[in-house]
């Protein structure tokens, strides 16, 4: 077995642990791993990873000491060409030319859609790993990178709270998650934020302002509000404006965390999850599986067909929304 | 309902989030919370928490902004007197005197044993929360504090690896967990350690030395070994000696992390788990439960009788040991 | 001697260490310290700090364990009323009423201007401490808070670099410092940024684009550019646009760090500097000094008249600009 | 000019920034840099750094992105052979063979002694950089690595304080610095420790116990004591025993930080200092200097003859000891 391994889409902390686990597990089962640089684009350009000895097969040593690194050693990119008939045929031809009969893509829904389409033109097997900070894939409780993104956001809220308390202000902190409130919700609970605005909650501006008045009446002088970039109410600046118009009793400031959340050394959890799923992807291929994503659900390994992973919206857990409501006062 | 709330045993990061969740959830259901300082000892000494306004009932405000703090705002201690008939009677009398009809103890097996014994002398209800870094309680996948302890240990291994690589040495890093290899195993996987010695693994000194020779032969120049303080082979210094005698090919150094692992701001996960279980403990009391611990198993809330939580040894997951074996090369 | 102590203007990490040093040093010389909350506004509102025992004099214990906290325990605010004749008279009257004959304000140029004006209406003595992240005061090599702000910015650049390298992009990272390039310059050197745009450097858009082409030609695939919010070229988004128009060969993203830089636990340096200058302020008052700021220049304690601290622009060190030019390639 | 560059002795955070600055500055002046791996041992074994293209000259790219890394990319070791006549002759011969006419060693007093001896057998020029966490070299206010070691120690004390407060205990925390109290003293001030024991202070056990009783009488329930490993009173465990015998009123625990202090990403200050001094070393060679160390004193660049850097003990600043006495109560 000769496995093509790549990372694609937005980078996510823990991808490197996943790469290492694929290489090491493959080594234990005498499979070869070819590292494809820069995702689908690198595949189309035959841009393969070579180690110090210029060999194309990834050695056990080539992945030494990388679990602690953020980003992805294989680099990543977006590649529109892969959605064309021509691009797909070219990719299939290159895989065949290099004798690659299996693929392990690490990425999000776009990555898996691409893999799905590729399989119409190529006879190899594909098992994917969920690498995205958004945690928006069905078939795994958590995606690789999500926990680190939350940790980074929480530590930012902790820091900003120092200033909020010193100045007796309200801060709106915008976190990532265009279609999913996971990062926002988990950050808000962990950081003890008073207010959260995520795509999944329906509170309007007026309800929030009412809540802010209550908070003010209870004597609280600073407020932290976590806003998902994708909230229906608009982005943090727009929400800030709307709250002001509706009578927000607090002076406010806005902070957008942006790309800060993508990087940094992965948390222990993301390194373990990345290792676990990289290992599982190789096992899945050895068992003959294809067009599935390796995931972890309720502490158990689960393989889910690609199409099911991105078909439906993955809802944030109802009980976590309830928990936040009880605590944020 | 008037709830007595205390933390007991070793402090664990996330205990404060749990305290906050109890106070806030109780407030939402119109229950009163009395904070008992310094665990059972504080109970026997009627040492109750009072806020700035000298009131004995914990207000919503009294727990503002504490999720990010390590340690426990209610303090903790060991209390041998609670294992005597006299101590138990006295504790029961004090609870009655103050009209406390429910207890929420946050701690480990010693804490729950004490609560169990107390119930022989007192008619109130008790629902506990698992607060210990060791993760050695049945009835919850993870205890409050475990994830932070792992994170701290992993970040220490990351730092020490810089020196190990620069000097081309082997380091033995001793982590906590007298009877349980959880911290050691999770740290080793996340930090990408080459060797681990935990109570649950049976490798002898000779096997380890053989492994070290293999590693050396593959050209690796530095090695990280994680050792649980409770390993059968003895503590890190003893293991180091034994490895030396058996022909360890690497020069070594030993670092014992010790109490470093207990403190520090909790990870997002421990804050969320603490919040979730503190909330669940109040709900459990409202439903009339008693002598149980609130836990989270496979993503679901579970109440487990105290006696079952500490009766058996909680084994580290077999699959994680296997994973480590595939990766640590 | 009865010292009024307050923090004013933007909060800066290390202010708490400074507060502690004032209280502890004053205690050693049998002086009383009255904590004035929320800067000049708190003074006008007679909003004084009281400890658990409701006493107005700050006890040694009231400042225990605060060196590690970000923000300021005395809170801070802006107060336009203090620039009116009426406000100044009122402030003077309140100080007299409470028997406060000395003041230690911790803040920036605005704070010292206010103190200067106050002295026209009040006969007490004032020694200030430089507390601002901007490092824009003459009379001290570094202000309290500057080093922490740089550390925070550097750690953000480190994180974002993971993503920049993974995606082979250029990032523009906007740091604070409206009139001063200190944070930008120190961050750029420490983080190994390729390009910097600070108020003090005169490079135009075309020079920067030429540099970017050189970098690209040398085979580099990711670039970090640090931008001071006050750069003449405009803010980060505007510079990004201008670079694009002038032919920037790299795809770009912008991150504005904003208020993240104000908070967080102070670095050791800021805690030591805060302690040193708080101590020095009390000694200065004991020696009869007034209308001066305590500072540290070339390792020595220096008192500088308030007016000199903000009169001139404090230039960034020429040698640091040269250093950056040699390294950033 | 062809410069041989190496790191030697204990690794120190910031060495990589120094290496980068040497390579980049040399490049700007058209000098070649040969990286010698593993200090003097690597020199004797002709173990030179080669980049991906197998070239022996360090390219500008070979040091990209290394400022943030702990340890040293050139590795380090101890080499007793270099103190023999034979070793020195061999080293000189190898330098001549490779056309190396200048050396930049980064290390501590042992490194500079070696360089001094080497110059008796070799006609090249040597300018050194102070790379050691101990800050025990005359001729520079701070050595590269010291500030990071203090930061690491302070953050450890912060964490342990959580536990100390929760359990109402005293902790003795042993930091590095066999002959120098710098790390101990700076850590104690920054962390707000109540007691410090460093080689330079003369307090006996009885004075310390008296102080502890005072602290206890003032109602304080937890105490942090920082101990330098080289204190005359003995190491932390011995001091703990002695305090116990002399009537220490607090229950105690001991934590030895050990090698934790050596590693980790360097602080901004150490990266800047490393950059500054690496740059200065090249300039020094260009000006024809030799057998000197580049240092920074009172904000100015200073070259000090090697022999003066290690001849005398570098005393901790008296004013910092006084400061600690005023604050630690």
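Note that the chains are named A, B, C and D in the order they appear, and that numbering of residues resets to 1 at the start of each chain.
Everything that follows uses one rule, which is that a contact is a pair of C-beta atoms (placed from the backbone, for glycine too) under 8 Å apart; a residue touches a chain by one contact, two chains touch by 3 or more.
A quick note: this is a predicted structure, and the numbers were derived from the prediction, not measured.
**Student:** Just grab the chain with the largest centre-to-centre distance to subunit A, centres being mean Cα coordinates.
**Tutor:** Looking at centroid distances, D is the chain farthest away.
**Student:** Taking the mean of the CA coordinates per chain, how far is subunit B from subunit D in Å?
**Tutor:** Centre-to-centre distance between subunit B and subunit D: 35 Å.
**Student:** Taking the mean of the C-alpha atoms as each chain's centre, how many Å separate subunit B from subunit C?
**Tutor:** The computed centroid separation for subunit B versus subunit C comes out at 39 Å.
**Student:** Residue numbers in subunit B touching 2 or more other chains?
**Tutor:** 158, 161, 165
**Student:** Give the pairs of chains that touch; include all such pairs.
**Tutor:** After working through each pair, the chains in contact turn out to be A-B, A-C, B-D, C-D.
**Student:** Could you list, by residue number, the parts of subunit B that touch subunit D in their complex?
**Tutor:** Checking each residue of subunit B against subunit D gives 7, 11, 13, 38, 69-72, 75-77, 152, 156, 158-163, 165-168, 171, 253-260, 262-264.
**Student:** Would you mind writing out the residues of subunit D in touch with subunit C in their complex?
**Tutor:** 17, 20-21, 24-25, 27-28, 60-61, 64-68, 141, 147, 150-151, 154, 158, 161, 165, 186-187, 189-192, 218-220, 265, 267-269, 271-272, 275-276, 279, 298-301, 319, 323, 326-327, 329
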